[in-house]
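For clarity, chains are labelled A, B, C and D in written order, and residue numbers in each chain start from 1.
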Amino acid sequence: MNLAGVFPPMSTPFDAGGEVDPAAMRSNVTRWNSTGVRGVVALGSNGEAPLLDEKESDVVIAAAREALSGDRLLLAGTGRESTRGTIDASRRAASLGADAVLVRTPSYFKPRMTADALVVHYTTVADAVPIPVLLYNYPAVTGLTLTVDAVARLARHANVIGIKETSTDAAQIAAFVDASAGEDFAVLAGSAPGFYAGLCLGARGAILAAACAVPRLCVRLFDAYQAGRHEEARELQRRLIPIAQAVTSGHGVAGLKAAMEATGYIGGNPRAPLGPASADAVRAIKEILAPLQEFV
Amino acid sequence: MNLAGVFPPMSTPFDAGGEVDPAAMRSNVTRWNSTGVRGVVALGSNGEAPLLDEKESDVVIAAAREALSGDRLLLAGTGRESTRGTIDASRRAASLGADAVLVRTPSYFKPRMTADALVVHYTTVADAVPIPVLLYNYPAVTGLTLTVDAVARLARHANVIGIKETSTDAAQIAAFVDASAGEDFAVLAGSAPGFYAGLCLGARGAILAAACAVPRLCVRLFDAYQAGRHEEARELQRRLIPIAQAVTSGHGVAGLKAAMEATGYIGGNPRAPLGPASADAVRAIKEILAPLQEFV
Amino acid sequence: MNLAGVFPPMSTPFDAGGEVDPAAMRSNVTRWNSTGVRGVVALGSNGEAPLLDEKESDVVIAAAREALSGDRLLLAGTGRESTRGTIDASRRAASLGADAVLVRTPSYFKPRMTADALVVHYTTVADAVPIPVLLYNYPAVTGLTLTVDAVARLARHANVIGIKETSTDAAQIAAFVDASAGEDFAVLAGSAPGFYAGLCLGARGAILAAACAVPRLCVRLFDAYQAGRHEEARELQRRLIPIAQAVTSGHGVAGLKAAMEATGYIGGNPRAPLGPASADAVRAIKEILAPLQEFV
Amino acid sequence: MNLAGVFPPMSTPFDAGGEVDPAAMRSNVTRWNSTGVRGVVALGSNGEAPLLDEKESDVVIAAAREALSGDRLLLAGTGRESTRGTIDASRRAASLGADAVLVRTPSYFKPRMTADALVVHYTTVADAVPIPVLLYNYPAVTGLTLTVDAVARLARHANVIGIKETSTDAAQIAAFVDASAGEDFAVLAGSAPGFYAGLCLGARGAILAAACAVPRLCVRLFDAYQAGRHEEARELQRRLIPIAQAVTSGHGVAGLKAAMEATGYIGGNPRAPLGPASADAVRAIKEILAPLQEFV
């Protein structure tokens, strides 16, 4: 599976009653179809996956699949704390049209989640699921990290095709690239401030919240890098950083949704316990995005 | 609600096919009925709550209620990442006979879980649920901590009746006791190595994994403290620490289940990705528990 | 050596030119002599030891010794990053009249400071120094912690007579007490909010910044505990906590010095890069201490 | 000052009696002179600076200056916990011939080391010292990090000419480069696994432990990047990573010294409490370095 390119981890719009809004989701996906992105991620962290129940999760995947162009990839977040819950969610995702699943590390029982335990977990999932599996390492949220050794072992599994590395640690990204050299395994950068560096180090693409609001900026950076135009890529990276900081590290999902509103997508408010962005935050986000309308 | 006493956070037995085993659970609860515990907690961390689906959660609560004496309290863990998921689970727990719910802090979106956000979350839950709510602070798992100020504000809510503090930080326990002075609010120690110190500092009781295997040891410590027999309480605390370390910090849920087997309860193996305790661990746990059969 | 009691970790006053002021130090020590404290600690963290050079360190110890009653103990902080620097400083402290040295864990090269390496370090120091050695565990500053196993091994050394445990973790204090049972080894609480709980768990005394400003409050708590008056001890602990928070966790050394000024001791400002307490902080500290003049 | 290039942070050899060995140091420096490095760092972390006393520090700087070519830069680590200690060490370094000083963040009193406090500290030092100052950010050791805002403010000071960023966080390096854009301020990568990525992001050079043992590998990577030969640079980066891991993250200063022995430099053992590398570690390090003799 060719994962080279940019994927927005789509946010999940809610209607006035607080229910998942598939029509709004389809509207966003339809716009992304023509921006050059390689596909979309449904049910990532920015999609508020942990705040949705199992039925809602299915609605999100179905809506994304319905609206997404046939030549774009649909990755679905299906990580659960239990191995069997992960398998069940992954099979449902497959049956709803996902091309691959993105499985975050279980983390509630951190001290037991050794490299060996995680290799067993992912191997069991990859054996049981009919579509390819991507690992998802997100230490800032989970409090644990996939080791290089675990990634090396999992990269040899025929049905494990890549990893989203959310940290911006160049050493970690380089190590994952090296550990999977020779395998059909793609490292995807998971954080906009590390996108260009990740590409330099061998990442094949990226899953970037900022790409929900300014997909063409991310795609252009990717294309510049692919064409060897390092100066341009670095300059676009510079422009990307303040957006990333405002949208995710600064204001989280609410910030991302406000950014999407500022660039013509449907955002809305997140689900409690997440609160809406403050008026000040919305204003700041609008100011940052105003000069970037060419990239929406 | 009088929470003074000891609560085992019951583990969840699975049958040979990996399904929740209500009969085994009822057997355990029936034994605990006569050990002097104040009640049991269903669906805590040691009950592998994060590894169960919603239907299984209901089965666990129903089984516990069925077997538990009418004069014992049933606390049910109902924390979910979303406020609405927490309310839904809590209402179901109430309808299944739980006396109160134990709600861990949502933590996936850590940087947004400010004191204010958590106060709103818990207030919304406590307003919406027909039975009392206990807060549940577990920094080692969640990566965040309820602040003293947040606890002080929540303790004033008529339907928030206490907190399980899982750390053994004497300063934190003392601060929570002080912050809730004058309110009908119980601080419960959540970790066996801090049980006696917690009582000294004003905790009214405890939820202790070790109490699943040696409930009478925990109850005797509690009684000794209540009667002002500090020397005896401290000596029992000394005997409790190696059990606690073997069972939870050392080997996690699998260790707890092995300890329960060693004292005649039904344990079994945990659900994947948790693995079974090693043969060495089982042997060590048996050795620790062998001289403690008077306390089972 | 009988370490049972309270030790203020004396702050280091500076004169108008920023130089160590031995006369001011002697004045403070002379007052502490009559408050019931067991002795004083010179060159602890609150004494700004890391900000003094070797000559100044000697001046501090000499001044403390000169003013301290002969029946009070002088403990001197002599931890350095190198083993030989620690030995050298400890020998000088001995020659200047210190009764024992308090040696914090070296921590710059954290990943190498394994339990084994720390046992070698402390053993080498204890072998080479003519006066007894106290371990000093301060995870919040050093980023590492002495393990229970390391403490158990070091407690058997004839010249290692105790440990200052700065955390308020009841499990850690209990474990250190248990690990050293049967040895001539004293666990000293190092943080006021954990003082009473520490005593309950077997600590023999405490080194408490708050004791610089309100020594008699700490001494009275200690005496109440010794006499089995738990209620009184707990009540005094309650009064101690806000002082401790204002003085150290809230405002650091500058706060401690402001508190000392508020109770008639000589405080002054800390050395850069530490700044003075803000006017607001000074006011708040004064308010907290105003009703406690009986304890100064 | 043109900091573009590679700097080995020279280790400090000790003689059989454990004393600093200036002759051995001069021998190493003399060899580095002809490897294409831009200069050397004396008294960095890998130079065991925290284990040396003030006189020894002066000996190290003098020896380095004596042997270093006149067209190479000598950077001297002079950070101390106190501002005045830092100024004193920096002035001495200047008088001994250092071209610039490298000042790590004071960190003992972490909670007080706010961005403002650090800006005051560095400004006071930079005002008082006759040679340029480089900031030194080393979160893994100090437990604190210089914020982007602090770096932006300090980059405007005429006598603050750069920063060594020891983490491999691409977002942090990019942010420091952006924050100092337009100023005469160099960001230097401080960790070999992040060298190439750092250059891509605008770092002008690097201080790399691996350069003590294989300086020409680091220099060739730098030259390849400068010439726009990204593929070659990335390939050299790949070869550099296992060395870096063996030498520093794997075995610390002892590993670095063993690596230097393996490539013909004078290494020896570190000073206690650091221990020597194990025989296994030495063997592993030799194996890694055997095929790299062209780069020594």
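The working rule: a residue touches a chain if its C-beta (ideal position, glycine included) is under 8 Å from a C-beta of that chain, and two chains touch if they have at least 3 such contacts.
Keep in mind it's a predicted model, so treat the numbers as computed, not measured.
Peer 1: Measuring centre to centre with C-alpha atoms, which chain is farthest from subunit A?
Peer 2: C
Peer 1: Give, as an integer number of Å, the spacing between the C-alpha centres of subunit B and subunit A.
Peer 2: Distance between chain centres, rounded to whole Å: 35 Å.
Peer 1: Cα centroid separation between subunit A and subunit C, in whole Å?
Peer 2: 50
Peer 1: Okay, what are all the chain pairs that touch?
Peer 2: Applying the touch criterion to every chain pair yields A-B, A-D, B-C, C-D.
Peer 1: Once bound in the complex, which stretches of subunit C touch subunit D?
Peer 2: Result: residues 18, 45, 50-54, 81-85, 106, 108-113, 117-118, 120-121, 124, 140-141, 143, 249, 252-254, 271-275 of subunit C touch subunit D.
Peer 1: Can you list the residues on subunit C that touch subunit B in the complex?
Peer 2: 167-175, 178, 191, 193-194, 196-198, 200-202, 228, 230, 234, 237-238, 241
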